[in-house]
Structures are given as C-alpha cells and as structure tokens.
Amino acid sequence: MSVSPFDHPILSGLLGDPETAVLFSPHSELAGMLDFEAALAEAEAAEGLFPSEVAKDIVSGLADIPLDHGALALGVGRDGVVIPGLLRQLRAGLPERARPWLHHGATSQDAIDTSLSLRLLKAGAILRGRLGAVIAALDALAARDGALETMAHTRMQAAIQVPAARKILSWRDPLARHLARLDAAMADVGLLHFGGAAGTLEKLGDKGREVGQRMATRLGLALPERPRHSERDGIAALASWLSLVTGSLGKLGQDLALLAQSEVAEVRIAGGGGSSAMPHKVNPVGAEVLVSLARFNATLAGGIHQAQVHENERSGAAWTLEWMLLPQMVVATGAALSTAEALVRATSFARDE
Amino acid sequence: MSVSPFDHPILSGLLGDPETAVLFSPHSELAGMLDFEAALAEAEAAEGLFPSEVAKDIVSGLADIPLDHGALALGVGRDGVVIPGLLRQLRAGLPERARPWLHHGATSQDAIDTSLSLRLLKAGAILRGRLGAVIAALDALAARDGALETMAHTRMQAAIQVPAARKILSWRDPLARHLARLDAAMADVGLLHFGGAAGTLEKLGDKGREVGQRMATRLGLALPERPRHSERDGIAALASWLSLVTGSLGKLGQDLALLAQSEVAEVRIAGGGGSSAMPHKVNPVGAEVLVSLARFNATLAGGIHQAQVHENERSGAAWTLEWMLLPQMVVATGAALSTAEALVRATSFARDE
Amino acid sequence: MSVSPFDHPILSGLLGDPETAVLFSPHSELAGMLDFEAALAEAEAAEGLFPSEVAKDIVSGLADIPLDHGALALGVGRDGVVIPGLLRQLRAGLPERARPWLHHGATSQDAIDTSLSLRLLKAGAILRGRLGAVIAALDALAARDGALETMAHTRMQAAIQVPAARKILSWRDPLARHLARLDAAMADVGLLHFGGAAGTLEKLGDKGREVGQRMATRLGLALPERPRHSERDGIAALASWLSLVTGSLGKLGQDLALLAQSEVAEVRIAGGGGSSAMPHKVNPVGAEVLVSLARFNATLAGGIHQAQVHENERSGAAWTLEWMLLPQMVVATGAALSTAEALVRATSFARDE
Amino acid sequence: MSVSPFDHPILSGLLGDPETAVLFSPHSELAGMLDFEAALAEAEAAEGLFPSEVAKDIVSGLADIPLDHGALALGVGRDGVVIPGLLRQLRAGLPERARPWLHHGATSQDAIDTSLSLRLLKAGAILRGRLGAVIAALDALAARDGALETMAHTRMQAAIQVPAARKILSWRDPLARHLARLDAAMADVGLLHFGGAAGTLEKLGDKGREVGQRMATRLGLALPERPRHSERDGIAALASWLSLVTGSLGKLGQDLALLAQSEVAEVRIAGGGGSSAMPHKVNPVGAEVLVSLARFNATLAGGIHQAQVHENERSGAAWTLEWMLLPQMVVATGAALSTAEALVRATSFARDE
C-alpha cells in the first residue's frame, strides 16, 4: 500500500528519502515511546515512587516484550492514540508487581509527543548536514563557474549579463540563513513532554519536576518550565522552517529549469531524464521535483498552522492533523535537499565558444 | 516505511481506508498502465498500423512479463516518470518484432493519466456507495431520534430547542447534494488520455481518432475531443469535490464532538475511545477524526488548485505535485465516509428522563 | 486605507476590478439586506401576519432612513454582525406601529446571507460574460494565428512543432467547461436564506413556507427545502469554481510568459510594461498577474474549504472567515478575466521570416 | 469600495486595525518610496556621483511635488509596478539638471521593497507592544483568578479540575515565545534593498557599497551583504511568525468560546455581542473572531510560502502575490492582538457559589 509517494516503492525513487522516512516508521515511533516509558520508570524509581526492582522489570520488559502491530492498529482505531493498546500489551508481559507502575502519572500525549521530539532532533541533524552539503555544492559551482557571464532575467525577460557567481550566491545565501535558523527551530521541538492527564502531574505529588529533570537528562531533551501539550507553536515554527528550506530550493529548481530551457541554454544539467516519446530530450527532472516539493510543503505548512487552534488541554482533531502533515513535510525537505545537492553537482554554466 | 498515516500499519487503524488505498498501490498503478498499453496495441492493430499478431504478442507479454520494482524506482528517479523504465523491461520480454510497436505513438502521460482515470472511476464508485451509506445511517437516526428535542446553538451559545431531525437533516442534505455533484466530477476525470508527445498524435497519421475511440470503448472511458494533458481542471474539480465531502463530514464531526461534551450531553456516542490517564473518559474519537480529515483535505485541495498552473504542454513540476496530493485526498475521503457511517450508527440523542 | 490591492487606489490599476468590487461595497451589502427586509415585510403582510400598512411603513422606511455607517461599525464590533445595529437605526426611523414587525421572525444570518446571494448572482452574470469574452478572444487568435507552427514544450524543454491552434485550444477548452459548470455553482448560491433563530422559523407559526415562497419570488432567488445557515457547501463549491477559473487563466498567463521570453519569442505581447532600470525591456505584466491571481485564489480556496467546518446552527468563527475570503476571490476572478481578455487580444504568435 | 474587511468602513469595526492598516495606505507606501529616493540622492551626491545641489533639488522636489494617484494607477496597470509612472511625475516636477539623477542606478524593486522594509519595522514595533499588552492582561487575569479551580478538557471531554492559572499560562507562554522570536523576524525584513537592475549595482561603478551604507544609516535599515531581490525567505519567515501569533490567539479564542458555552460556563465574557433574533444571548464575538483571524492567517501563510518560488532575478508573479497577501496578514495580526487584549480583560473565571 502506498498512498504517499514517500512510502511508494517506485515513486520514492523520485520523491523519497529513506533516511528521514525511517524516523516515521512504526518501529521508530514505538521505540521513542518505549524510551519515554523506560526513562519515566527509572526516574520515578530514583525519586522513590516505587522500588528500583520495579523499574528494572519495566525497562527489561520494554526491551523484550514483542508487540502485535495488528492489535495496536485496532486499539488506535478505538482510542484515537496508540498508548492504551500499547500499555495493555506491555502490562500483559510484565510481572504483576510492575504493571501498575508502568506509565505512572503520564498521559498518552507525553509518550507520543516525546517520541516525536526524539525523532525530530534526529531529523534536524540530518537536514543540517544536507543543508551544509548543498551549500558546499553551490560553493564548488561558484568556484568553478562563478566568473562566467550569464544572462539575468527579470519579469521573465532577459535583462543584463551578470557573473554566474551573483546568481549562485542568491541560491546559497538563503540556505546559510536557514542553517542559522535551525537552532531556534530545534530548541522549540527538542522538548520532553511530561504533564500527565491535564498538564499538572497531579499523580506525582511534589516529585513531578524532579522526575521530569531526570527524564530530560536521560533522553537528551530540554525540560520546559511547564508542559506544552496544547501549545503547538514549536511544531508550527518547525513546519514553517521546513517550508522555508524547500521554498528556497524550489526557487533554485525553478531557476535551473528556466536556465536549462532549450532556447535559453545558460546552464546544462548532466544526466537529465528521458522521455518515452522523444528520446532526444533531456528533461530537468530534479529541478522540477524541487518545485513540486516546495509547493507541497508550502501547502502543508498552511495546514500545520491551522492545527495551532488546538482546543482545550488536548485536541484530538488538531493533534491528529499534525500527524497527517508533519512527517511528510520532514521527508519532503530531506528529499529536496538530497535532490538539490545532486542537481547542483550536475549543473554547469554555459561557456561562450 | 510509513510517512503517511494512510500507509501506516498502526495509524491506518484510525485514519486508513484499505479499499481506496489499494487503488494507489504500485500494483494497481502499473496494472492501469498495462491496460492502457494493451488497449493501445489492440486498437492500433485493428486500425491496420501493424499486424494483429504483434498486438497479441504485446497483450500476452503485458500479462506475463514480471516487473522489477527496484529497477522501476531507479528509472523514475532518473526520468521523472515510470514509463521509460517500464517500457525497457517490457520490451526486453517481448519478441523482437513486437518491441518497436509497444507504446507506439503514445507518451508517458497518456499511460499514467489513463491509469489514474481508470482508478478514479473505481474510487468514485466506492465513495458513491459510502455516501449513500452515511445518508442511510442519518435517515435511520432521524427515524429513531428525530422527534426528540435538542438544544440548537448559535455562535457557541445555547439558542432554542429544535427537533433533532432539524439538526440531522442539516448533516444529511449536503451529502445528498454531493452525491448529485459526483456525476459531473466523474465525467471530468473518467477520460482516456491519448495525445502522444505534444498532444497531436503525430505518429498515427490520420488514424489517431479511430485508435482513440477503440481504446476508450475497451477501457470504459470517455474520449475527449482533444487530449487534455495540460488541462487539469478535471483533477482540480475532483479535488474540490473530495474536500466538499470531507468538509461536510467535518462539520458533522465537529457538531457531534460539541454535542457529546460532558457538560452538554445532547448526544451519546457509544464505544468512544479510552484514555491512558483517565479511564473514566469516553472520547469522541471518530468525531474528532472527521474534523482532522476535513482540515487535511481542505489544506491539500489548495495545493491541487496551485497545480493547475501547469506550464506548457506538460509540466513535470505541477504534475508531480498532483501525485503527491490527490491519492491522499481520495483515501482521506474514503476514510471519512467510513468513519462517519460508524459514528452516526453509534450516536443517539439524549432522551429527557 | 487599502490593505487589499483590490481596494487600493493605485494597485487596483493592476489588480482591481471595479465592476465586481462594487458588489462588496458597504452600500451594496446594505442594499441587499434592506431588500431582504422589505421582501420579508411584504410577504408577512401578504400572509396576514400584520396589516399591509405596516409593510408599507417598513418598505418606505427602508428606502428613506439614512444610515450612520460609523454607528454600524461600532455595532458590528460589539455584535459580530451588522444587523442588530442596523435594526436599531431603522426602528428609530419607523413609525411606532411598524417597529416590532421589522425583521419579524428572521435572524441576522437570513438577511446577511440573502444579501450575499443577491450579489453573487450578479457576480455570476458578470463573470459569465467575461468568460465568453476571453473565449471569443482566443477564438479570434486561433482564427488569425492558429495555422502558424509553434514549438511545444514538455518538462521545460522544446519538444516538437505544433500548430498554434493546438495550444490556443488547450487554453480555451477549460474555459468553456468552466462556463458549463457555472450554472450548477450559481444554483447552489442563488438561494433565499430564511430560517429564523435556529432554522425552524418558529415565530411564523405555519406561515413560514408561504412567506419564504413570496420572498424568493420577489427577490429572484430559489427557496431551498430547508434553510441552509450551517450548510456551506454552496459557498465552498463556488469558491472552488472561482479558483478553477483563475487556475486555468494562470496556466494561460504562465504559458504566455514562457513563450514571450526573450530567448523563446514564440509569441509577442503588445504594450507590455516598462522597467525603471531597463527601458529596453517589455515585461509581460498581464501574463504574470494571471499567475499571481491564480495562486492567490488557490490559496484562499483552501481557507473557504476550512470554513465548511461550521459548528452547530451558526458559527461566528467559520462564517466570518468566509467574509474575509470570498469577496476577494470573486474580485480576483473578475480581474483575471479582464486581464486575460486584454492579454489575449495583445498576443500574436511569431511568423517565420 | 471595500473588498477586504480590513478596508471596510463597517466590518472594520469588527476585523479592522487602523494603526497597522495605515502602514499599507497608498500615502504610506509612496512616502517610503520617496524616502528611498531621497536617501539615494543624498548618498550618491555624498559619494561624488553628482553635485550636492542636484541632491538638494531632488530632496526638496520629493517633498513638494504633488502626485496624481489616478495617473499612478494607470501606470501600475501598464508597468506592473508604480515606479516608472512615479518617476515620470517626479521628473516632470524637478529642475532639468536633476532629472537624470533621480533614481540613478536603482531599480523599481529597490524602492518598493525598501518602502516595505520601513513599514514592516513600524508594524513590528506596534505588534511588539500589543503582544506585551496581551501578556500583561493574561498576567492580570492569572493574578486575580489563577487560584480558582476550573475544569480541564481533553479530547472535548471534561478531564480533571486544574487551577485556572495552568490554563492561563498555556495561553501566555506561547506569546512570550513569539515576542522572543520577533527580533529574528524583524532582522530578516528590516533591510535596505539596493541592487539596481539585476542586483549588481552596475551603474555605480565602485561606489555601490558606500552609497548603500549611507542609505542604510539614514533610513535606519540594515545593509545586507548582497541585495536580496529574489531571496524571499525574510518575507516568508515574517509571514510564518504572523501566523504563529494569530494561531496562538486563535487557540485562546477557541478555548474561551468553549469555556463560555452556556452549558460549560467556566468563564464569563463581559459585554458579548447581541443577537437580532435572541436578545437573551450573549455571544462570545471576540473569541470567535480570534479563531477566524487565525484560520485566515494560516491560509494566507501558505500562499506566501508559495511565493518563495520566485523565478530568476525578479518574478512579477511571485512578488505581486506577496503584495496581495502580506499586508492583510500584518493587519489581521494587529487586529487579533487588540481583540485578544480586550477579550482577556473582559474574561473572568467562574467562582463556585
């Protein structure tokens, strides 16, 4: 089954990005939730909420208990979230004494959003590296072809000749700025989510903060002053950043497609795509794909912004909408960066002959 | 891998719809393209462009030649479309004499868009049936509970009591109108796409129209007066229709979630979801999902409308954008209709006691 | 003040359309509401709800009572809708006996949505005429230049020569289909809205239907079987249609901008725009504006689809969102059609020399 | 004429914000362009490109020459930008010797984008102040009502009691984060745009950088290393920020509308709106408007992200799209902040009695 091109065994050859996509596999998602539950058990035991043997039971259970994905799917269809069904399966595999302490004081959103935090940090690191690689490719292009004169175009008309370097830098500089913006975006999502039923950790007495600090340290996440279940600005800011990146790459792609037009021929893109009807053509496939991914992310970013209207302490509707949009945006950005690097490396400006 | 919840082994328990999703599987997509190629070969042979034995070679080859999806993925990554790689594999499996006649006079978009047409007609039939089922469920609800008095709310405030039937009909009537609109939407997409490289069927001499008519008849598609490669209004009109449907169902979901609030309790939804932190709660999961799916489709519909700006005779950028959005919209609509039917059947209005 | 370019004394020279914009002026809006109130009074008197002298008082009062727009603005800031403040002003100007009967049995949304219906029908007539004019301009272009050979481009690369007529028809045919779709769109919005507080006309006893029929006849609107206050599919279907139209025109504009590129020069657009820095350039301003308007409407269409999630019997939030989006979409469509006609009339295909 | 509610003499009573709207009036726009031209003339004279008397002619001419807006509208309709027509009017009013030096070396986009920079900085200052005011209002609410117990709701169901302070802080904290994000957003747009025809300032010889520095100092703008005509990330980042703000306020509005429901009554909003049909109702108008404005900005933000695909050295299409969207987003944000402050000040949590 492959409704999304990112999951599609064939189309993912064009649009996919396995390295970021794997962060959104069921395995990765569940692993993040289990990491949350293990960190929670250890922290609660360390704070004396229950014996450390119980925490050991839980941690080793989480590592070993096999999960039935089909039953989890049934559970999520009923509960709207995977956690109740997951806990049922885990509890059945735990020793009696540990069962009541699994997930103690936490709520579904704590585990689910924390799992997302862990994976978004990984995604951020991947995207950071790729942004650097695209910048390096553009620098190499500028070093080789930057002194060539090329035609600038304004409002779809030839304007004046400019050095290719001017054009290349107009593609590069926004990427450097996106790199600078990434720290803030990551700081807003690399958070432990831990609030319990309604954000008050009411079942942990006066130990809530200490438990949270232990968990955050162990998971490599920041602990916000208060849980942010219903405050989705970090997610919306990240989505905006993703669409900034793909937007800049879409501009690069659009420019290359325009410059590579048969009649313009200011750049040559090596190894373009073939046509089933016109074998003589060389299509600027990567350049076009960058435009598609830019418009895709621009579209979905609007939906994530809609999801900020997250009613009350937890909105099933708005939160589920994020699940439908954000992973695709991350993978689209990963795919765009890889495509852009390859495209830039295949590009050369025309030399007068 | 499962970037999209529709492809996700677990989340699809909440958001998926296997019956429509399968229409967008690689198998279904390729099957539609092979149907196109078979119909093309038979029609061209019938019009005397080559011997009928060649057509037989092609038709039986299409049925038998095993396809290497991994190689197709590599091909689509290079060519932007699957057809050149697919033809390479098919030609290698055909007898020598048939190879040049496979795909004769056609272009990639002919096969790909026709495959989509075939599958959208199937999707339309599924959605039509489900719309009827939701309407029937609402009619049953009105028959049972319609005479009960329930509170109307305007601008988020209690207004006056109305019969539940009034409310139920406000959910039902738009669905009946969507059913009436579906014929036009299907007529706009149930088309044979057949134009060759630039829409002129220049390789078929004066036989283009006749070949097209034979193909359309065999495939159960309409033959437009001129090929519509670059005219995407049918796709955008269908996307609009899909979002109309999910929008109306989102309104139903939002209303039910509001009416089922603990403090309002005008309706009861049986079998709602459980909470990991608060076992006493019954969450209106299906109602919330309808809102999520409505906002999802409303978001993506905007992207499909962007893709109408389809430059020249064929835009890689705009066309690829459709691939990223339209299948998800169809499946979201399928999921919303199934969810709505179950939700309505689980709903009862409160009786005064 | 002119936040929107459609209202802007200078930018409206590029993007405006006075003929459709005037339909959304405060004067037009209020006139539509007053027409509603007059029709209501006459119909209620004709059905014996009050003496015909009272109706005469109301009708002549509506024609004569001067309105204080500043006070209306204060009222809408408080009430969210203009009607309560408008009724206050009107009642103060009516004879004592008529005051209680003004707006009898109706609600704000009845008057506001009916006013919109009246103006959307006028907009539809204007847009219909302009669609015809663009089609006529394209037919004239095809008659003059259709036999010229021009280069087709697929995936941003020159493909093969085709007759210009092929290209022109790919711009024209979608417009003809939009014209055919307009009837259904207008039928969905050309409706009397009349339901009272919660859609049940409870204050009119058994006369509600008869009053509605009289009003509909007088106002030239259709009377739906039930009031549709909370059923926004007609609005969303119209918004979709508007964006279909501008999308097709955006494709035309994009194509012309590409064909008019200095290096391509397949078409010439007479009277293009000047540049402050490069007087030698002729910019394809109208062509670019069509792309802008297409992307603008595609964006806003998504927002109207969001507004379908119209909670309960009347949603202040979703309804107000329509007010912010729909008028701009109508005017953008009007502007795009005018721009397109002028652009097509200024376009000629290149003749080989 | 008032297609947009922000320009509408009546609806602006509900949705308008005169203080930010005035920044987008023709007068303000032109004033910013004239400031650019004056700064340019003075800087060029100071760098010895022409005598200082010429600069004085220009500066005093800019202050005095009356502008014919009707002629400017005609010009923008022809040229796509106002500058060529504006320069014609200005030159006609200048002494002969100064005419060729007006706008020397600059391009339309330099003046238009710099005018926007100047006004966005002012908008930023206004929005910053208002964010502070909403935060202060929430702090006051927390100080007064924070200790009251109120019902938390998750997934549209009552969950557990929490102190009102918890809820209020979940509205406040995102606003404090938006305030912290504003500096970066302003740094990305508070820029001098100065590049000449294609970004290379080719007419200024080796004086381009010096002239730019003088201009930036005089105008209070930052001078980027290279002109950013075609790099729209700053605009898209600002649009994202605006939608973050309105998204958080939309969440506040949605929450208050839900808490103020007749059946829930956890908060009371003083001075709500009246209904024409049900005088007993008090509608939470401001709360609903916040939701409308959030969804409006979320919609338009997607369009600004589309406009990042800004082709070549200057895209008429993408740039014009920004003009159609960004001013409305700024004013929507201004309106949302004012509405939110008033709403919070009118809100009180319920006390048990």
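Residue numbering begins at 1 within each chain, and the chains themselves are lettered A, B, C and D in the order written.
Methods note: a residue touches a chain if its C-beta (ideal position, glycine included) is under 8 Å from a C-beta of that chain, and two chains touch if they have at least 3 such contacts.
Bear in mind the structure is a predicted one, so any value in this text is a computation, not a measurement.
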Between B-D and B-C, more contacting C-beta pairs sit at B-C
Determine, using the mean of C-alpha atoms as each chain's centre, which chain is farthest from chain B. D
Chain-centre distance (mean CA atoms) for chain B and chain D, in whole Å, is 39
Could you grab the centroid distance between chain B and chain C? Build each centroid from C-alpha atoms only and quote it in angstrom. 29
Flagged in chain C as touching 2+ other chains are 80, 107, 153-156, 159-160, 197, 254, 257-258, 273, 275, 278, 283-285, 288, 291, 295, 298-299, 302-303, 306, 315-316
Could you list, by residue number, the parts of chain C that touch chain A in their complex? 153-160, 257-258, 260-264, 273, 275, 278, 281-285, 287-288, 299, 302, 306
Quick check: in the complex, which residue numbers of chain A touch chain B? 1-15, 18, 21-22, 24-26, 29, 69-70, 72-84, 87, 103, 106-108, 196-197, 253-254, 257, 271, 273-278, 283-285, 288-289, 291-292, 295-296, 298-300, 302-303, 306-307, 315-318, 320-321, 323-325, 327-328, 331
Within the complex, which stretch of chain D touches chain A? 80, 107, 152-156, 159-160, 162-163, 166-167, 169-170, 173-174, 177-178, 181, 184, 188, 197-200, 202, 225-226, 228, 230-233, 236-237, 240-241, 243-244, 247-248, 250-251, 254-255, 258, 291, 294-295, 297-299, 301-303, 305-306, 308-316
